[in-house]
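In the two assemblies presented below, chain A is common to both, partnered first by chain B and then by chain C.
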Partner chain A sequence: MATVTLKPTKVPELIFEGYSITPDAFAGKTAAQIAALPGHEGKFVLKLGEFFTVSGNGGETAADTDIVIDGDCSRVKYIGSKMTAGSVTVNGNADMYVGGWMKGGKIHIKGNVDSFCGIQMEGGELLVDGDAKNHVGCAYRGDWRGMKGGTIRIKGSAGNDIGTAMLGGTIIIEKDVFIHVSTHAEGGTVIIKGDVEGRVGGQMVKGDMYVLGKIKFMLPGYKKIGTVEKEVDGAKYTFDHYIGDLGERHGKSKGQYVYANLYLKAAA
Partner chain B sequence: MPKLIKGVGCPYCGSSCDDIEVLVSDDETKVLEVHNACIIGTNLFHHANDPTRPRLPRKRQPDGSMKEIPYEDAIDYMAKTMLAAKKPLIYGFGSTNCEGMSAIGRIAEKSGAVLDNCATICHGPSFLAIFDNGYPSCTLGEAKNRADVVVFWGCNPMHAHPRHTSRYSIFPRGYFTQKGQMQRTVLCIDPRETDTAKLADHHLMLDQGHDYELFNAFRTVLRGHDIPDVVAGIPKETIKKSAEIMKNAKFCMIFFGMGCTHTDGRNHNIDHAISLTRDLNDHTKCSIMAMRGHYNIAGPGQVWAWQFGFPYCIDLSKGTHAHMNPGETSSVDLAMRDEVDCFVNIGADAGAHFPIQPVQHLKKHPFIVIDPNFNMASEISDLHIPVRIAGVDEPGVVYRMDNVPIQFKAVLKGLPGVPSDEELFDRVYERMCELTNTKPIWLAAKEDRRYPESEAVS
Partner chain C sequence: MSSGELIVKGGFVIDPTRKINGDVGDIAIKDGKIVEKVSSSAKVIDAKGKVVMAGGVDVHSHVAGPKVNAGRLMRPEDKLRAGVCRSGMAQKNGFRMESGFSIPSVFRTGYEYARMGYSFVMEAAMPPLLAPHTHEEIHDTPIIDEAALPVFANNWFVMEYLRQGEVENTAAYIAWLLKVTKGYGVKLVNPGGTAAWAWGLNCLSINDPVPYFELTPADIIKGLIQANEYLGLPHSIHIHQNNLGNPGNYPETLASLKLAEGVKAKNKFGRETVMHSTHLQFHSYGGEGWKDFCSKSREIMDYINKQKNITFDLGCVTLDETTTMTADGPFEHHLHGLNHLKWTNVDVELETAAGVVPYIYDKDVLPNAIQWATGLELALFAKDMDRAFITTDHPNAGPFTRYPRVIKWLMSKKAREATLATMKNTDRVINATYIHGIDRELSLYDIAQMTRSGPAKCLGLARTYGGLAPGMNGDVSVFDLNYKDMPKDAEKIEAAFQRAACFIKDGEIVVKDGEVVSHGHKKTVWVKVKMPENPQVTRDVSQAFHRGTYTVDISNYPVREYLAPHQSIIDVNVEA
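Then we have the complex of A and B:
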């Protein structure tokens, strides 16, 4: 395994589009070649080396390449986007599109991330120690095929639009979420360990949601059908089982309608 | 002899009334009377008479004052500033014609700018919902001729579109709606008792910000399921009764406005409204329409979607392709995140309509305003370039709220030496090409340019 370490040297005046910061782009390159990789600041194409000092060469393949960014990337977009293997660790915050369109590998952000992290994700692991803003693991505008696979774990809280139009994969938010969870989803699992303001599973066709906290405003299209015990993220809880969204279209399997499931932790 | 010009389009709201009659002075320089228009439209035409209208660009001086400069200097400054900027933001276009919107597209491409319009703080979320869920819409003519149930959801046409109800939605007698208002059932869904709500047969006064839940309740009821006793502050029985009214309509028309697009959820509210429209089509005919604000705010959506593939928030900084993702490439977000370093405000007033913080961020960089009149943005700008008023002294194509194109007339001659938006942008584009030693890809109607006659310059 080869580790490439980037140390931020300059804060971009606008925002630096670090779409080259992926194990796929770094693989097979020397430190000098990596420093010459492109990135946009506005309409000008700059080099990674203008914002980071690069030490260490990339591995032979993406899977052999680990990237460590030793510092704050609050003004660097697209870190680890479209990556297929290897790992990226950021010892600080990151901006938008972290792990967007990601297919494999591992991203660990030790600070906070901005919006659109894990957008259209297809595989791999995305771990954020801090908070995320909006559109976690959601679909790109106008695409009805959202996140397809992989795992996103946000240890802090998140904003709105979690897993919009999701088809597969898992999103775990360990604290609170504002509104719109799994809107338009047709699969996948969302686990929220904190509270949600509302609009959980609106227009949802299929898939599972677990809420361990409270939902302030429940959608009228969800109906309680019973109580179940289930294991979630390594712990067992008793849940109230709701099905919905009853206002949305639903497919049939073996003559039975298939609804989306909302498991809301039962009051003790 | 004053002249009466008939069939004039009104450059105010999204209704784009095209039945206005304007009486102008013999020399076509003064508006004397305006017939048929609402009070706001009438005043818009009379504004053109204002003798204090700016006739020359004004540039901010080092001491903070504004000084008049020739158009050539202003064009040069704008071209150089936009070329030097890493990422300029061009915003506005609520109140100009499609010719101008098309011309600015070439400037935006040349300068690697982000091209945005007033939809970004208005009906932008409707676009996102339309991307996600389609747009089962119709024209206002169809609404007038067919709709017997009209739903106003989060909009107040009595104030925002004063002639909408009389021309299209409530009062007019249409082909299948010959009894006019008598034949129409009007539902208003609004947390406030607006003047439209007072006019409606049924007013559902929902809790503010809970439109999504109410749409969900309507859809759940339509599919025959039960709902809680109260949803969004509305009793179950009222929801069921309203759903029955919509279901039993011959043609149900849903108009929605800012109450849906700019409360929590934004595009999801519209998305759900579109789903409701689709569901209602299982029972009857139903259509939905955005109550677009300005007379040609549907224009940039049409023009730029044709030019670049996206209707708003178009990031052209890559030079190879357009990128659009509101939340990232939308004006207010770009400003708040300091992602732009030059601001051009055209035919809109960012100074008045943006929240104060983004304006403060934008003011750190060159701030250019192109507007026929003085406004809040022009007064804080570094450069203010006056142009002719589209729809009053400049003709052009506009798109009504239902995306129907209408050719607007000019009723006045226009101030001498003052260019139209299209002429000005063409000049700026030409100057940019000169500066970068490139060939213009296209210049519109160069031989017809009325500029420069520059009487005012000398």
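Then we have the complex of A and C:
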């Protein structure tokens, strides 16, 4: 295993597009070669070395490469996007599109992330210690093919549009969420441990949602069908089981309609 | 236009307009035109060991106008497929970023066509009411010369005249509309069917009645052919036939092609054909449903090869994720019903309609694979390559940036077989198509006919585009291919056509080593018909606007001059 450490030296005037900050791009390269990798600031192509000091060489493959960014990346987008293996750790905040389209490996952001983290993710793990803004694990705007696999865990709260058009994988938000959860989803699991304002599972066809806090405004397209006990993220709770979205088309499996499930923690 | 002198030296020249096939020679350019010779101070472009052709001419592509924009608005995700959108060139002053894959931005459209060595592109369907927007977009597309075909076959004026058999009035209306919309020729899209769509109906056969108008698509097609030849326009009628995209549609296609039998071209532009059948691939299917869906390209081409007054373009499926868009409103509704992806539908008052639906042509989906084969077969069965043109009906069957890939498939049996072998249903595709049994490989000369001399002649532009004879436009494309020693690896053919080694437009170098170096001087080409005033048509048009049949006032209808600042006008005189 090889660790490459990046230390931020300069705050970009615009936003730096760090699409080269992935184990895949660093693998097989020396520190000097890594510093020469491209990134955009506006329409200009610059080098990683203009914003970071690089120490340590990349491993032989992406899986052998760990990247540590020692500092704040609030103005660096696309960290770990499209990565397939290895790891990225940021000791600070990160900007938009962290882990977007990632296929494997692990990303750990110790601060907060901006919007679009883990969008259209296909595999791997994305862990955020702080809060996330909007569009966590959702589809790219306009696209009908959302997150397909992998796990996103946000230890803080998140904004709106969580898991839009989700097809698979798991999103866990440990605190509160604003609106629009699993809109248009056709699979996958979203777990929200705090409260949600509303619009949970709108036009959802298939998939599961767990809410351990309260939903302030329930959608009318959901119907309670019973009470179940289920294990979620290592702990057991009693849930009110809702199905929906009843206004949407639903497929059949073994002669039975398949609905999306909303498990809302039952009042004690 | 550049006043400097240029000479493209020592390349293998391929110019079907003069029957030159690979002779080593020089092409001299002065004042933006090709000339016999230039002085010794001319700038030299070394084309030794490379192929030299005229600038490409695209007969049919949807690159500007409201439906293209509707596609862009509806599909922001399309730009994810664009690849590198910020080439090094975009960082230089004056050049722009590029975005979009199947519905590229205007800048990407211009740059990509130029990189492929194209100098002229026909926007294939312009709704007359929205011509001002179409022209604004054309003007914003750099480098390439463009023209646009207004749609006529579902226009209420045209149908009113033709149901009474009034060809002269139809012609006068066409002349007026071409003038006010700065249009180029007569486009027909699903004749009668798009008008029927306003009633939620369609015309799948050329003998179906058009609701309210009591005429048939066949009447509209015949009437517009006659009106087109009455006026003597540079281009023939340009038709997207009824029943597009459905299994078993080929007899309907043949029936509509037969309407051109016995009609002679009448014009002063060297055009010998009276009907251009566009994206023929979509109209060459057999079978009763999707289960026994198959190619009928041979049946179609057996007819077209005999019929000298018809041209066609392929509409090749390129096996990409793309965005379909057409004035065939009912078809787009039908397609949306098949793939359940997003759908835009627009009605354009008395004139036409449009629809937009994304579509994924998947090589592992049997009908898509059969469509792929059908498009290529049409070219491989064609005998007169000056009447068969390469298109992808951009973006309907694939983006225009895939022309080099289509060329690769046409020029290499090995490349076709390689693609066929990767398909999930290879055997079933072979059974439902002819492609596996065709050994023909097209030559560079064939390709030059299909992309240069042929379309230029069919558009009536043979005096200025599509060839390298002295007096023609100084549009020269140089491709990194050795005529005497063509690469064994067909991928290299694709790469060479994707990025021209050099492209000179109107005597100015606009592409060098595959990258754009100048925005050139694009022109908007349109056809101005001068004919004696037709009082009835003048009265009908003015009444339609004053009655409030249109939502705009007649003074806001025409394309104003400032929307098309660089015009190249083709005059047509019709004697009384």
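The rule is short, and it goes like this: the second predicted complex is superposed on the first by the 268 of 268 C-alpha atoms of A that agree within 3 Å, B and C clash if a C-alpha of one lies under 4 Å from a C-alpha of the other, contacts with A are read in each partner's own complex, and residues count from 1 in each chain.
Criterion: contacts are C-beta pairs under 8 Å (C-beta built on N, C-alpha and C of every residue); 3 or more make two chains touch, one makes a residue touch a chain.
Predicted model only: the values in this text are computed from it and were never measured.
Following the overlay on chain A, a clash is recorded for the pair chain B and chain C. Within the superposed three-chain arrangement, the count of touched residues of chain A is higher for B, of the candidates chain B and chain C. Applying the stated contact rule after C-alpha superposition, one finds that A:96 touches chain B and leaves chain C untouched. Looking at the shared chain after the overlay, A:176 reaches neither chain B nor chain C. Once the two complexes are laid over each other on the shared chain, residue contacts for A:134 go to chain B alone; chain C is not touched. In the superposed model, A:40 makes contact with both chain B and chain C.
When the two structures are aligned on the shared chain, A:144 is found in touch with chain B and with chain C.
By the touch criterion defined above, A:24 reaches neither chain B nor chain C. In summary, superposing the two complexes on chain A brings one listed stretch of chain C into steric overlap with chain B, and the stretch in question is 99-107; the others among 99-107, 225-233, 243-251 or 477-485 show no clashing C-alpha atoms.
Shared contact residues on chain A (touching chain B in one structure, chain C in the other): 40, 43-44, 140-142, 144. Listing the residues of chain A that touch chain C in their complex gives 40, 43-45, 139-144.
Of all residues in chain C, only 74-78, 80, 86, 88, 90-91, 97, 341-342 touch chain A in the complex they form.
The part of chain B that touches chain A in the complex is made up of residues 85-87, 111-112, 128, 131-132, 210, 212-213, 216-220, 222-223, 225-228, 231, 264-265, 268, 271-272, 275, 279, 317-319, 324-328, 337-341. Listing the residues of chain A that touch chain B in their complex gives 13-15, 40-44, 96, 115-116, 134-135, 140-142, 144, 160, 165, 179-180, 183-184, 198-199, 202-203, 217-221, 223, 245-248.
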